Amino acid sequence: MKRKIPLIITFTVGVLLIIAEFIPHKPFGTLSGELEEWFLVISGFAIILGQLSLLKVNTFKIKYKQKDWQYSIITLASFFFMVGFGLLWGTGKSSGIFGHGEVISAVIGIKPFDYLFQNVYQHLQATMFSLLAFFIASAAYRAFIGRNLESNLLLIAAVLVMLGNTTVGGLLTSWLPESLNFLHLPKVSEFIMTYPTTAGQRAIMIGAGLGIIGSSLRIILGIERSYLGGE
Amino acid sequence: MAKRKQIDRRWIFLLIFLGVALPLIIKVGLPVEITKNVQMVYELVENTPKGSTVLISFDYDPASMPELHPMGLSLLRHCFQRDIKVVFTAMWPMGVQMAEDIVTTLKPDFPKKKYGVDYINLGFKAGGMVTIQSIGKDLKKIFPEDMYGSPITEFPIMQDVNNYNNIAFVFSLSAGAPGIKEWVQIVSDKYNRPTSGGCTGVSAPAILPYVNEQKQLTGLLAGLKAAAEYENLVGKIGSATSGMDAQSIAHLIIISFITIGNINYWRKKNKQKKDRKK
Amino acid sequence: MRRILICLFLFYSILLFSQEFIFTAKDKPNDDGSAILIEWDASDYEPDKIILERQDTKGNFLEIKKLSDFLGVFEDGNDINAGKTYFYRLSLYDVVGNLISQKSAQITAEAQWFNTEKISLLIMTIILTAAIIYFIYSARSGKELYIRKISGLESMEESVGRATEMGRPILFIPGTLDLDDMQTIAGLTILGKLAQKVAEYNTKLLVPVCRSMVLSTAKEVVEEAYLKAGNPDAYDPDSVFYLTDDQFGYVAGVDGIIVREKPAANFFLGAFYAESLILAETGFASGSIQTAGTAMPSQLPFFVVACDYTLIGEELFAASAYLSKDPHQLGSLKGQDLGKAIFVIVLLIGVILEIFNVHILKDFLSLH
Amino acid sequence: MIQFFEAFGIWLGAFFTFAIFSFLYKDNPVYKIAEQVFVGLSAGYWFVYTIFSIIIPNLYNPITQNFSENWIKIIPAILGVMMLMRLIPKTSWISRFPISLVIGTTSGVLFLRYLKSDVINQMTATMINPFIGGSWVEIIGKLMLVIGTLTGVVYFYFSKKHEGAFGSTARIGIYFLMISFGAAFGYTAMARISLLIGRLQFLLGDWLKIIGP
């Protein structure tokens, strides 16, 4: 019962949605949209679960003075600041429990939640994202070594496209006569991106697409049930 | 599986950091190859007679500023240098501020240019395609007032401007829809007036086909690279050029490290071969 | 008969010469009866204004749209219900505002039971489903099914062994998307197999997740694996934990874990975005053996470049079949392979037809 | 006062920017602080976001404002509560009901979505006549597109050993995959460096005011 009913639910919903795709008639046509909205609400509740797990792990660390427990205080404090500000005075145009907090906004310029969002959260996010500029360089240095045909292709394609993207790349081959224009670096990089790269990406998409289709079907049929966990 | 002896990757990080930061501070101005599409835009402005009026539409928001803002700056600078009058419109709400910002930046260089005489900001109008189409019938009906609420009949610049026939060319700085595509379909295809524009690097593949023999678009500024080229043509190097310099230098650093890595690899391999022969 | 034809001919020539305009209302096909298509052509008149009106329940005609073009199609989807009849009226006005001409039309909105435009999709759905189910059943009846080597998976045993030897943990990341992505589920399935090995060797496992629904599922999966391995007491419920839903916040946290815990092996199996390279490079710097797998075409290059082993695209989904050798899974894989074979054949036929300028197949498949 | 908080905000931003960058050198207490602030703030952000952007507009408002039309929304609310049953070990199995609904929905939707956009549409997009229009460069490109897609798909064929003619075809497929990985890597470099440029423009412009707009 604990396992059968969920499997029946999955089967019914899955089959229903596939059939509904071909039936415009009510209520089938709008079914998937409605169910996806349900998913949104359920995940909204689920997020509480995650937060509780976060709180539990960190209070545990503090309570038992585990390694680096001081940092957990920072985690909890940041969490409560953000949630507190958000719930008390709202964010943007939404009001919180105490309305819009005009008095505070008059002092710091915007709502406290938005202040933290703009001045701390966004910078942290953008900086973390920008680490990629460094890692792309270190990964390229380490991995783009021409050991065999495959790694040579990887290496050459990367270098040609990178050169084509710079102003220098254009200048390097700008002396080429009109008849050899196709060897002009920006043109070469465009060629690689439009044809062989698209082909490779397409093959991956098709394979992965079939993989997803197969997994979906296995789940609907109840063959793949790892998501349900133990008995 | 032994990890080869390698340069500490923190040196790579440091070089990348400097390679990006320094060109932003010290303007290097690496030589830039002018591509055909940018040259076409430049010539469009060059061949526009002095005193004629053009329309520049700001169809983007702050998210696309790094790419499109320098284009707007150089284009307006070019127009002012050539004594071309400019009418600003915006198909995106935030576009109005973008235009204002560009005018404020250029003000110190062109103190003599007067609002209402040499340029005017008509503000934002919703409706996209429909609005663009209606401008072709009667501009003053669509924009009875400028962005500050003054009737546009008051301004000398608007005296002779009624529709696209009185406009030398239309230029759209576009980050999506409504934008350059809509302008092409109406101004170029329907009214047969010269149309040009600038777009982000990401949307370039979709817009480039309009630069064709029918001249649906007279040239196109696509992405940061084109913005840098235009800055070079106008002769005032700005953030696009330094951004592009930073890009080029960072790319070259990465490529040099790849080269070093490969040289090391080959050396080691040759050595191993020799050792084996012994 | 002939008379009727002559009459019709005359009628139509009068229509043509008398500057008639066309106005029709049709039910929109292949929908749930919530839209009407209005077609008009008033180019002979070149009116200044064209107004489309619809009768409301009280019998008054209300304007629903000013039409700006002389001819075209307009879809009225505003408050249209299946089974009801609607009356429309189109009026043409000249510059001064005088009515030049007017026409009306009536139509009943209908809902359809089958969307004919999706026939090609339906055929493909049936073929694929049938193939996969057929092979699953044939595998069940004991037929031996071959699966080629997936080199990305050879690392598993080695990684667990190495971690045990070094006394360091194993890190597993099931991607950064929620449970509504198949890659996450594929990742969790592999996690089940991995956790079983980990339980046998009694090594420490770390599974930080960034979605709470993944959290509860991952917990169940790991717990069950320990149970299956006969070592349920070794299961630590806190080995699976939530960090944050935020993409880069999560990465910041995981990076910290990698640097401090120095896992002997990292597994990144699931859906990844830009964080892929940040994770893989940090992991490399800590000296972990790294296995990655994703079906995100945009992130695969980074995993291929920065990790020791990579499951490319569909290999991620094939992995659980490969590891378990479960006939159901293998059968399904075989069905997918048939899908690929069909794909290759249909594509070849399509290209050949295109070369000979025959577009039937392409048009048929692009219908939906 | 507002000006002070504006300036303070920029300093905060600069501090956390450097805190994250410091990780590139090595793990250190400042990064640890930034990391924990990031985890805590973002978890809090998503919590608040969920309440204001999902629970209130998609559940609370429809039910309280127009119950008769939106009563059906009670079901996801109940399922959501079932999800929370996971907190109590004895009732935790109840959470399988909402999960199974989510997974069922996902499977049905994804099955069709991927069949349509990743299989059939990619197939029709590859059905081209390589020999018409354009220069010989374009013809070669289009041939590569068709051959690359076909051989790439062959590489993903699992139920046959990769040997003989079949193996060589799969090999060609791998070559195309490698080119596409290299090119995509090289192409992305530009976008990633732009991110760093953006960061440095903040540090050098907004914070230090060395460079103008």
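Order as written gives the chain letters A, B, C and D; numbering starts at 1 within each chain.
Everything that follows uses one rule, which is that a contact is a pair of C-beta atoms (placed from the backbone, for glycine too) under 8 Å apart; a residue touches a chain by one contact, two chains touch by 3 or more.
Fair warning: this is a prediction, and the values are worked out from it, not measured in the lab.
Participant: State which chains count as neighbours of subunit A and simultaneously of subunit D.
Facilitator: Output, common partners of subunit A and subunit D: B, C.
Participant: Name the chain whose C-alpha centroid is most distant from the C-alpha centroid of subunit A.
Facilitator: The most distant chain relative to subunit A turns out to be B.
Participant: Applying the document's contact definition, name the chain pair with more C-beta pairs in contact, B-D or C-D.
Facilitator: By number of C-beta pairs in contact, C-D is the larger.
Participant: At what distance in angstrom does the C-alpha mean of subunit B lie from that of subunit A?
Facilitator: For subunit A versus subunit B, the centre distance works out to 30 Å.
Participant: Can you work out the whole-Å distance between the CA centroids of subunit C and subunit D?
Facilitator: Here subunit C and subunit D have centroids separated by 14 Å.
Participant: When the C-alpha atoms of subunit A and subunit C are each averaged to a single point, how far apart are the two points in Å?
Facilitator: 15
Participant: Going by the contact rule already set, what residues in subunit C reach two or more other chains?
Facilitator: Correct list: 121, 125, 128, 179-180, 182, 185, 213, 216-217, 243-246, 248-249, 252, 260, 297, 300, 302, 304-305, 312-314, 318, 333, 336, 339-340, 343.
Participant: What are the residue numbers in subunit B that touch two or more other chains?
Facilitator: In subunit B, 9, 13, 16-17, 20, 247, 250-251, 254 touch at least two other chains.
Participant: Taking each residue of subunit A in turn, which ones touch at least two of the other chains?
Facilitator: 18, 21, 39, 42-43, 46-51, 54, 68, 124-125, 128-129, 131-134, 136, 138, 140, 142, 144, 154-155, 158-159, 162, 165, 201, 204-208, 210, 212-213, 215-217, 219, 227-229 - these are the residues of subunit A that touch more than one other chain.
Participant: Quick check on the complex: what are the subunit B residues that touch subunit A?
Facilitator: 6-7, 9, 12-13, 16-17, 20, 30-33, 35, 225, 228, 244-245, 247-248, 250-255, 257-258, 260-262, 265
Participant: Under the definition above, what is the set of subunit C residues touching subunit D in their complex?
Facilitator: 120-121, 124-125, 128, 145-148, 150, 179-182, 185, 213, 216-217, 243-246, 248-250, 252-253, 255-256, 259-260, 297-298, 300-302, 304-305, 312-315, 318, 333-334, 336-337, 339-341, 343-344, 346-348, 350-351, 353-355, 357, 361-362, 365-366, 368
Participant: State the interface residues of subunit A toward subunit B in the complex, per the touch definition above.
Facilitator: The contact residues of subunit A facing subunit B are 133-134, 136-138, 140-142, 144-147, 155, 158-159, 162-163, 165-168, 170-171, 174, 186.
Participant: Please give the residue numbers of subunit D that touch subunit B in the complex, ascending.
Facilitator: Touch list, subunit D to subunit B: 24-25, 189-190, 193-194, 196-198, 200-201, 204, 210-211, 213.
Participant: Considering only the defined contacts, which subunit A positions touch subunit D in the complex?
Facilitator: For this pair, the touching residues of subunit A are 2-3, 5-7, 9-18, 21, 32, 34-52, 54, 68, 71-72, 74-83, 86-87, 90-91, 94, 106-109, 113, 115-134, 136, 140, 144, 149-151, 153-162, 165, 182, 189, 191-210, 212-213, 215-217, 219-220, 227-229.
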